[in-house]
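Lettered A, B, C and D in written order, each chain numbered from 1.
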Amino acid sequence: MHLSEILATLAANRFATASAILFVVGMAGMIFNRNLFKKVVAMGFMDSAVFLFLTSVGFVEGRLAPIVTDPSVPASAEVYSNPLPAGLVLTGIVVSVSFTAFSLALTMRLYKKYHSLDIDEIMMKSQRNED
Amino acid sequence: MAAVIQTILLIGLIVCAVAANFTRKLLPTVIIYATFGTMISVIWLLLRAPDLAITEAAVGVGIDSILFLVAIRRMSRLDKTGEETPQETAEETGEGAAEN
Amino acid sequence: MRPFYENFPFFCIFLTMLCGIITTLIHDGKKARYVTIISLFLCAAMNATVFIMTAVKGVNFTYTMGAFPAPWGNELRSGPIEALLATVFCLVINFSLMGGKKDLELDVLPEKKNMYYIMMDLLAASLFALCYTNDMFTGYVFIEINTIAACSIVMAKDCGQTIVATIRYLIMSLVGSGVYLLGISILYSITGHLLMPNLFTAVNDIIFDPQLRYPLAVVAGMICIGLTVKSALFPFHTWLPSAHGSATSSSSAVLSGAVLKGYIILLIKIVCRVFTPRDISYLGAGYILFILGAAAMIYGSIWAVRETHAKRMIAYSSVAQIGYIYLGLGLCTTAGIAAAVFQIIAHAFTKPLLFVSAGGLIDASGHQKKLYYLRGAGWRCPSAGIGFTVGGLSMVGLPLLAGFVTKLVLGQAALAEGIPQWQMITALAAIGISSLLNAWYYLPAILQIWKTEDEPLGPNGEVYSEGRYTPSRPFKVAVACMCLLVLILGCAARPLMNILIQGVGLL
Amino acid sequence: MKTDNWFQRLVRWTNGDSKPLHEPQAHVEFPKKETPEAPEAPFEKGPSLLKSSAGEITNFSLMVVSMFCCGVLILVLLLTVAYLPRFGSSYNAPVNEVSQRYVEQGVQEVGATNLVTNIILVYRGFDTYGESCVLFLGATAVIMLMAIDRNNTTKKDLEELEETEKMESKNRNQIIRHVTMILMPIIFLYGLYILCNGHLSPGGGFAGGSILGGALILCETAFGVKKVHSFFNHKVYHIIKVGALILYAVLICYTIFVGANGLENIIPLGKPGSILSAGIILPINVAVGLEVACTMYAFYIYFGKGNL
């Protein structure tokens, strides 16, 4: 595969390309950023990246949103786009909210106890308390 | 035309995600997060997934940012040094809810 | 009309979920406890029925969740291995709850006890679902339930250290599930399916397609990485010792005995049902799992040798034992996978036994957690001492105990025909070195707890040697049952191995 | 200690006095880190939290390593994307018999004209039930952490909480109050519409429920926690949440059991397109919506106040 070919495909699959970059940015934020609050925000970005990719998989050029306008006429699969990815993403969004809330609650408790959001500092303090 | 709008929005998403990692304060991070949510819900409209757009606008932009703001308010109250104005935060929270 | 027992997997999942929801209204921790334990014993009975029915006939069955057949609706699929593992999980959770009762009362506030049992109920439900599911996305949803419940039972102790451990655990887990979800999304985009049997045919079609082979390899890698992060394989194990070492003892027992295994079962099912073991080794993921497993066996043991904190030592030993499972899985043969499943079962009983009895010993020594202060604790609380001894010796690999059989079957699987020579040598060397290292840290610990002369005083000069410490009856029952199960697994392994090999064929 | 020969070490080990690999009396002193004060911009006046606990990567080598890892990962993923089928084409693998049946027979088989709702609530109802359990667990976990108890709250904290409560009620903003008076009914109505029309138009339980939750939160910010508690207190919260979840569980259990055993489903589907149609979807949407609204409000209130 030539580089030009690859670039052309990347441009055509722009949603997938963007979500790949977003995913890595979010994951890097989750792993390397020391601020707990930002880890939580980065988690939101990472999840959104996956959802973006999944939704773009369901899109078909020139088809309508999967809501049947006239139920008396049998729907044709040629008219509506694929509804399955949207269903999966809907599930995923709600899951990610509960995780956001949970990790924020943990962050707040840690801030209350150690007065810091820096994970390294918090770990150092908690180990010192233990010894 | 559609492709151009989509590309602009996608670049905006990436810029938001990178910017959120490098802001100094926490409040801008939340605002960037809300911007990100708004953009992604527009993208979902473009991708013909209106269910997702509504849910993201309500959950990702509304509830998530409210939670972040409340967390910041609670934590800054724990900071004894801070004399932050509750009114300001309350207004923002109200706006977040009204966006729904 | 299907036979009635085929409904049991579905009943188990929903029974535990409903118990969890109803427990919200029960504010009395004691009643919540009874509800949980009774429902779990019921589930154990139901899962055992499914196991016996399927193992005797040597079949598996699918169960449509709703009126719509498989590619459209959800589906459960059950065979001997799934049912056996679900039974094991019920028993493990129950024994851990029984054995860790005293610690639980100390560590968890009374008004929050019912929430602890909610988490346990839903944890059990998610483990059953992970065992039985036949759909990748259902797997993802229940992985998330499992994650949140597992994190909550770590933080239930509610001191600074456990919250730090929880957030580290949570972040690593979320990275893992994000990677897993991206993996199944890419898989969906190239095959168009989420159901395992349909994926199997689709993957068989495209595996030699030069265009799609690379995405497929990335997918295999991502699914493996996502699930190994969550099950704490060697380079991703950093969260495990702090989470398992600092939680209350029933939580540690459940986490190491059941939670880690849930993800591995899903991985085994994906390896067998979506890909074939041969495909996995063709795509290169099998070798990576094998090498990481071997590295984990040695690395975890070395860190356990250096550790002086009793529960963290056991937690590092978990890292090593998880390595055994991945070593078997990485061999990518039926015998290897059967050995991995056997190790899952053996470790599922041995590690909770160790954690629960360590909790008892620590209790008998005035809550001092360093190994040094546990000296003589075996005499103060004989049941806990016996439990620790049996568990430790099983880990070391004493014949007639479960751990020995694991090493034996793993060795046999590695020596079978068709395994490359370097894998053979690596596997045998890793098993040998790891056993030696296990002996190095478990034997002194066992010797110490039975030592009578020069018992230490507590840091403030307390004397523990006077008076015996009386453990509660559930504790004794739990320790006795788990010791017995470890012995049975060690003595009667041959028939079980036959069932497992048959079951892996049916996966 | 280090001068011991191997035999003495062995003896000490068998006595359980020391660990062979463990340095005797290893006491790790954590170096006190000098955190350089970040240069303060003149407009940055405020609590220290909002100022400079950004926690960026300060260590240079770590930064290089992380950049390298990210670069490699991005390259791997982009190469994968390059091999993926083309975006938006109708020949892609996901456009297969599975999605075809969802589109063509969804309305007849399940009854809702919103095909996404069909999928998440009926075809793949088990997944979605698991998802609402995640929400339930999230709420339980947050309550477990944030509810006021003797572990996380001291007397001083309680006093402080009361003080802020008083201060907030004193200078509650008039503008917000009036705007809320006007907006509240509209938002509630909108939420209910989205909730109950989930099988006919975009939306459904999750979106509608979070809008309702948002309305409750707005109510709390404008009128104070006491006003909200007059109609939504701890007891009501528990009853609604558990009731909704049990209703959901019973409905989904019934459909699964009946469907799997080939029995006849007695719930009528109704005429597609009317509000009372689509069998179990409408009650499930209402149940989910109530649960989500309760959960969102609980998140908010436990974050801010620590009790409901």
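Simple rule for what comes next: contacts are C-beta pairs under 8 Å (C-beta built on N, C-alpha and C of every residue); 3 or more make two chains touch, one makes a residue touch a chain.
The structure presented is a predicted model; accordingly, all values stated were derived computationally and were not measured.
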**Request:** Have a look at A-D versus A-C and report the one with more C-beta pairs in contact.
**Result:** A-D
**Item:** Farthest chain (mean CA position) relative to subunit D
**Value:** C
**Prompt:** What is the distance in Å between the mean C-alpha positions of subunit C and subunit D?
**Reply:** 26
**Request:** Would you mind pulling out the distance in Å between where the CA atoms of subunit A average out and where those of subunit D do?
**Result:** 13
**Item:** Rounded Å distance between subunit B and subunit C, as computed from the means of their C-alpha atoms
**Value:** 39
**subunit C: positions in contact with at least two other chains** = 137, 141, 144, 148, 151, 155, 186, 188-189
**Prompt:** Counting only residues that touch at least 2 other chains, which ones in subunit A make the list?
**Reply:** 14-17, 21, 23, 25-28, 31, 33, 38, 56-59, 63, 65-67, 85-86, 90-91, 93-95, 97-99, 101-102, 104, 106-109, 111-112, 117, 119
**Asked** By residue number and range, which residues of subunit B touch two or more other chains?
**Response** 21, 26, 49-51, 55, 59, 63, 67, 71-72, 74-75, 79
**Asked** So which chains end up touching which?
**Response** A-B, A-C, A-D, B-D, C-D
**Asked** What part of subunit D is in contact with subunit A in the complex they form?
**Response** 30, 33, 49, 53-57, 62, 66, 69-70, 73-74, 77-84, 86-90, 92, 94-95, 98-100, 102-104, 106-108, 113-116, 118-120, 124, 127-128, 131-132, 134-135, 137-139, 141-142, 145-146, 152, 201-202, 204, 206, 272-273, 292, 295, 299, 302-303
**Asked** What residues on subunit A touch subunit C, complex-wise?
**Response** 16, 23, 26-27, 30-31, 36, 39, 43, 46-47, 49-50, 53-54, 57, 85, 88, 91-92, 95, 98-99, 102-103, 106-107, 109-110, 113-114, 119, 122-123, 125-126, 129-130
**Message:** Per the contact definition, I'd like the list of subunit B residues that touch subunit A in the complex.
**Reply:** 3, 6-7, 10-11, 13-14, 17-18, 20-21, 26, 29-30, 33, 36-37, 40, 43-44, 47-52, 55-56, 59-60, 63-64, 67-68, 71-72, 74-75, 78-79
**Request:** Note which residues of subunit C are touching subunit A in the complex, please.
**Result:** 137, 141, 144, 148, 151, 155, 160-161, 163-164, 166-168, 170-171, 174-175, 178-179, 181-182, 185-186, 188-189
**Prompt:** Which bits of subunit D are touching subunit C when the two form their complex?
**Reply:** 13-16, 19-22, 76-77, 79-80, 83-85, 92-98, 101-102, 109, 122-127, 129-131, 133-134, 136-138, 140-141, 143-145, 147, 149-152, 238, 241-242, 245-246, 249, 253, 255-262, 265
